[in-house]
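Letters A, B, C and D mark the chains in the order given here, with residues in each chain numbered from 1 onward.
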Amino acid sequence: MADRLKVGIIGIGRIGKIHAGNIAHFVGGAELAGVADLFLNPEGEAFAGSLGAGKVTKDPGELLKDPSIGAIVICSSTDTHADYVIAAAQAGKHIFCEKPIDLSVPKVKAALEAVKKAGVQLQVGFNRRFDHNFKRVRDLTLAGEIGQVHVVKITSRDPAPPPPAYVAVSGGIFIDMMIHDFDMARFQAGSEVTEVYASGSVLIDPEIGKAGDVDTAIVTLKFANGAIGVIDNSRKAVYGYDQRVEVFGSKGAAVAQNDSPSTTVLYNEKGVTGDKPLYFFLERYKQAFIDEMESFVEAVTRNKPVPVSGTDGLEDLYVALAASKSLKEQRPVKLEEVK
Amino acid sequence: MADRLKVGIIGIGRIGKIHAGNIAHFVGGAELAGVADLFLNPEGEAFAGSLGAGKVTKDPGELLKDPSIGAIVICSSTDTHADYVIAAAQAGKHIFCEKPIDLSVPKVKAALEAVKKAGVQLQVGFNRRFDHNFKRVRDLTLAGEIGQVHVVKITSRDPAPPPPAYVAVSGGIFIDMMIHDFDMARFQAGSEVTEVYASGSVLIDPEIGKAGDVDTAIVTLKFANGAIGVIDNSRKAVYGYDQRVEVFGSKGAAVAQNDSPSTTVLYNEKGVTGDKPLYFFLERYKQAFIDEMESFVEAVTRNKPVPVSGTDGLEDLYVALAASKSLKEQRPVKLEEVK
Amino acid sequence: MADRLKVGIIGIGRIGKIHAGNIAHFVGGAELAGVADLFLNPEGEAFAGSLGAGKVTKDPGELLKDPSIGAIVICSSTDTHADYVIAAAQAGKHIFCEKPIDLSVPKVKAALEAVKKAGVQLQVGFNRRFDHNFKRVRDLTLAGEIGQVHVVKITSRDPAPPPPAYVAVSGGIFIDMMIHDFDMARFQAGSEVTEVYASGSVLIDPEIGKAGDVDTAIVTLKFANGAIGVIDNSRKAVYGYDQRVEVFGSKGAAVAQNDSPSTTVLYNEKGVTGDKPLYFFLERYKQAFIDEMESFVEAVTRNKPVPVSGTDGLEDLYVALAASKSLKEQRPVKLEEVK
Amino acid sequence: MADRLKVGIIGIGRIGKIHAGNIAHFVGGAELAGVADLFLNPEGEAFAGSLGAGKVTKDPGELLKDPSIGAIVICSSTDTHADYVIAAAQAGKHIFCEKPIDLSVPKVKAALEAVKKAGVQLQVGFNRRFDHNFKRVRDLTLAGEIGQVHVVKITSRDPAPPPPAYVAVSGGIFIDMMIHDFDMARFQAGSEVTEVYASGSVLIDPEIGKAGDVDTAIVTLKFANGAIGVIDNSRKAVYGYDQRVEVFGSKGAAVAQNDSPSTTVLYNEKGVTGDKPLYFFLERYKQAFIDEMESFVEAVTRNKPVPVSGTDGLEDLYVALAASKSLKEQRPVKLEEVK
């Protein structure tokens, strides 16, 4: 259909495949016009082909110079995000960029500057805002059901830790994992973080400690509106992906529990047993990945503000950097110290 | 205190001890004035003494002729209930009688006649009406939250079957077990049963079958107000006492779940596991036994109608007899056939 | 891809669109090769086109004579199902037919005979067997977690009644609505129904009564293996689609609750409030529709037995007819009476 | 009975009445031998009399010099606790003292010294350890079901704030409210707190802020065993008393939810609504108050260690003082700084 947004994807790894499949199958207003991957292999090529992607190439530039393509989805490795954002902006494309834009504040700022100058839209891939449970919490707050927000509590635990080698380059638990929760906390509080205090331990894998990181962490946040937030992270919950959010306020509280494969419970001599939570993010946030892309396409095609902006990505990064600093220096850190 | 209702108990077996203890400790407006048991043993005597029961005797007549005693609680064996009701009524005592009054309709009618003639109060021990969960269901209906009642569903399963010898004399599953649910169904429907259809199987213990009974049964009820009811009973649920009630109507549904020892759940590799339901009626209906006695004492001392009358006991018996007849004759049975 | 099963759909109404969309987008081993609808309109044509259906026509015969098409999905009006089954079988196509095959036993038998003669596969559209919750219940039973099945309980309530005109031609509540539950009961019991007793009332809409049907019904089932079943249906639950299943046995019970849009609960002065169940079958069984088609395609392509056969459809119809007869004659009806 | 522990109570205010009633009615091994209250009024006297307390007096000394009394329960105002502990210890009585022993570390130490010297038992009234839900969490940990404890999370919110005048003298939120949670955290972690970081806001009542306190607080704890803890407190949850505990570890997590008056839920057009949590501590911890006294009596009569010692009370106080210091100085505070 002529009025669909033509989308090109850069990077056809795990997350790129998700977005490609969603755009091809589920996002009504878009179509998959092309896929580019510097390291394109036959498997990725076949996958892209099966989705009917018109152009499948190793050269991202081919997508950028294609005038029929209106938007670029950046799913390459993190260290290339900022450069592709800048290149796509300069090519006049709207941009959906996986999180984080970069680990370096100056590079993020340069990317945002390019986006601003080009007058294009940029959405950052904080998919959890679109989760049906967490969105419902926020909607209740927006509807006035919670009153003034006093406390935001987030539990976020992964089913299995990444390799220690990964945490050595990822920026650590606050940058590669808790940044999602920082974004969620800001989203739910409806306010910016002003101060961070981080506490952490190495309780799961000593190798993570040797790599300079912690695997269990609790971070307290102060918000500009007086609310307080607290996030607890663990790299390993044996029962699966634990993703819960609670917002407490003057009129009530909204509590989002985990999703599970079924509602069925078994009553027997051992007790009453239900399913574990859905295993990991691909299962839990399956629909959220679709919905964030729908929102991006709608923002672009109807010229509305994107729901998660580049500024959000930058603020989340500041919070993560402040948390890292706090853990290192064992004191609360004000956001302005890292800005 | 002079204005407390002085209560004498006949029968100090399992249920008699519960009522005695409740009257002595928990029922504000009553005191335990005496205990009589034809087969009184030292253990029962010591128990009664520890509660401060003034008179402890083998002769129920001693309680009946004591002018200070205002009410009699009958907890003796079922075959003596009706006679004690009559004797107590003739002695001018208010009466709380454990269920059932008798298995024979004429004997029940004779007892009710004596009560009526004496102008005393008679409450029958259908304790489940006072259960916090089931009462809440009824209160929601009375508050109009359910609208017109369409369906009443009751699940009632015991943790372990009685000895086959017991079911041979008890009157069977409809008389000794489901009668509680018939009373609950009438209570929740707010209407009288007009027709019964019973279906049953022997699935737990073949000896129960040899004794002429079933151990698994489902009974469908029609009510005068057009509502339909369904009750399922099992003599053995390996996970404990399963006691649930659901009322569905034009404006909604109220569903009462089981109680359990704690709200704590364990998340681990096997799933998410909570406690089994409370094991049996002593645990589940602990507070209900207190509350029914409170209600009885209040009805007597304030001259209000008792919440579960002799007529209720008779109606419940009719339903049970109709269910037995239905099972035997494999057809729906109208209540009028057994009246 | 050359080895995908090419599927033609007859009838592109509400349910036809669901199957068409699922085949086009979600069912890995199939592709949508054609759509035929006697009353094809521009909207249906556009819809089929947007899915890339090769052939879009008013003539089902075009699909039947296309040698590249391996399977036919019949989604036309009920009265045409049997004829299309026969025609498709004669054309050598495998068949997925929406339920019911027909309301007339002879016509169903004729259709099954044609299928048998042609040596093709026939799956009937009892989608609920594929529901994640109900399947989990069955899987627990098959894994031995429930032990011997004693009781199967099904609650099934629609959010809103159909027009009275519909029930006059649909065959009534047992044929158009509870037939799903009869199939579920047989599925969960792992045994055939031998006797049925139906009880019903008109409590929602007097017009349904005038049309000769009831709107509230409870049916008791006896199974060949001694288990007992009970189903309660209502045409109108104000809180949405209520779909629950419980299987109770010698080792435990499995209970499937409703699905809801989110797990989020609101705590405030009024109580603790969660979401209503998903509104109706399109929401609740969205994934089940996909999974049943996946199973059909897998059965056809791997030459395995279909999970819901024509014989299942016939047995379900017998149970429904027995229930209708029971309600009318106010007595339990043995299945052999309607066979 | 001659072998029951005779107990005297000092202070017959709200909490004194609870303990007196529990000892008189529920604690099998004890009897209420006397009640003393400096400000005894007719109402308190009548209450004590109705429980059969032998001695009812304005002079606590009468209980202390009564050789038949084996244990003293101290329920007077906080500022008198330490002196009564010392006096009771010197009189050779075992002691149950309501929390806190005192707000001053030296006074607490003096009291503990006197107890030690006298060789009597001292239990401090941290009743929540006996809550059925929280005890179940701890039991799961002790049974090895959680593995190594990584995180302890406690939510504790009151239904309504105290008068600002109260917080001005109570020592503030950490001393009068969160001290219960500090004790719970130590109990659940099975380890001592080594460092505290407190964050707080005035969000409920500005008068509380003027009185020098906060009404909303989150405290992070580090334990000697490497575990991390987090507690959130609010002085006002409009939905009632919110008391939850979660312990997360290497093998799983145990989560204790709130108790509510019933399990009944209402399904209607607005959603699915259950009861609010039990209103406040008298309801929620009703049984815990009984069980802590049972434990005390058992410890005394069987010469076992008390489950909550004076040292526990002192450690909890240290944590609370460290939290106050942390809030004031806006930095993490090590426990040794306040010892």
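One rule holds in what follows: a contact is a pair of C-beta atoms (placed from the backbone, for glycine too) under 8 Å apart; a residue touches a chain by one contact, two chains touch by 3 or more.
Keep in mind it's a predicted model, so treat the numbers as computed, not measured.
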Joint neighbours of subunit D and subunit B, given as chain labels: A, C
Pair exhibiting more inter-chain C-beta contacts, B-C or C-D: B-C
Most distant chain from subunit B by Cα centroid: A
Inter-chain centre distance, subunit A versus subunit C - centres from mean C-alpha coordinates, in Å: 39
Centre-of-Cα separation between subunit D and subunit C, whole angstrom: 58
Interchain centroid distance [CA atoms averaged], subunit B/subunit C, Å: 42
Residues within subunit C bordering two or more other chains: 237-239, 242, 251-253, 267-269, 275
In the complex, subunit C residues that touch subunit A: 1, 25-26, 50, 132-137, 140, 145, 251-259, 261-269, 275
Complex contacts: residues of subunit C adjacent to subunit D: 237-239, 242, 260, 267-276
Contact footprint of subunit A on subunit D as seen in their complex: 148, 150-151, 153, 155, 157, 197, 199-204, 216-218, 220, 222, 226-228, 230, 232, 234, 236-239, 242, 248, 250-253, 330-332
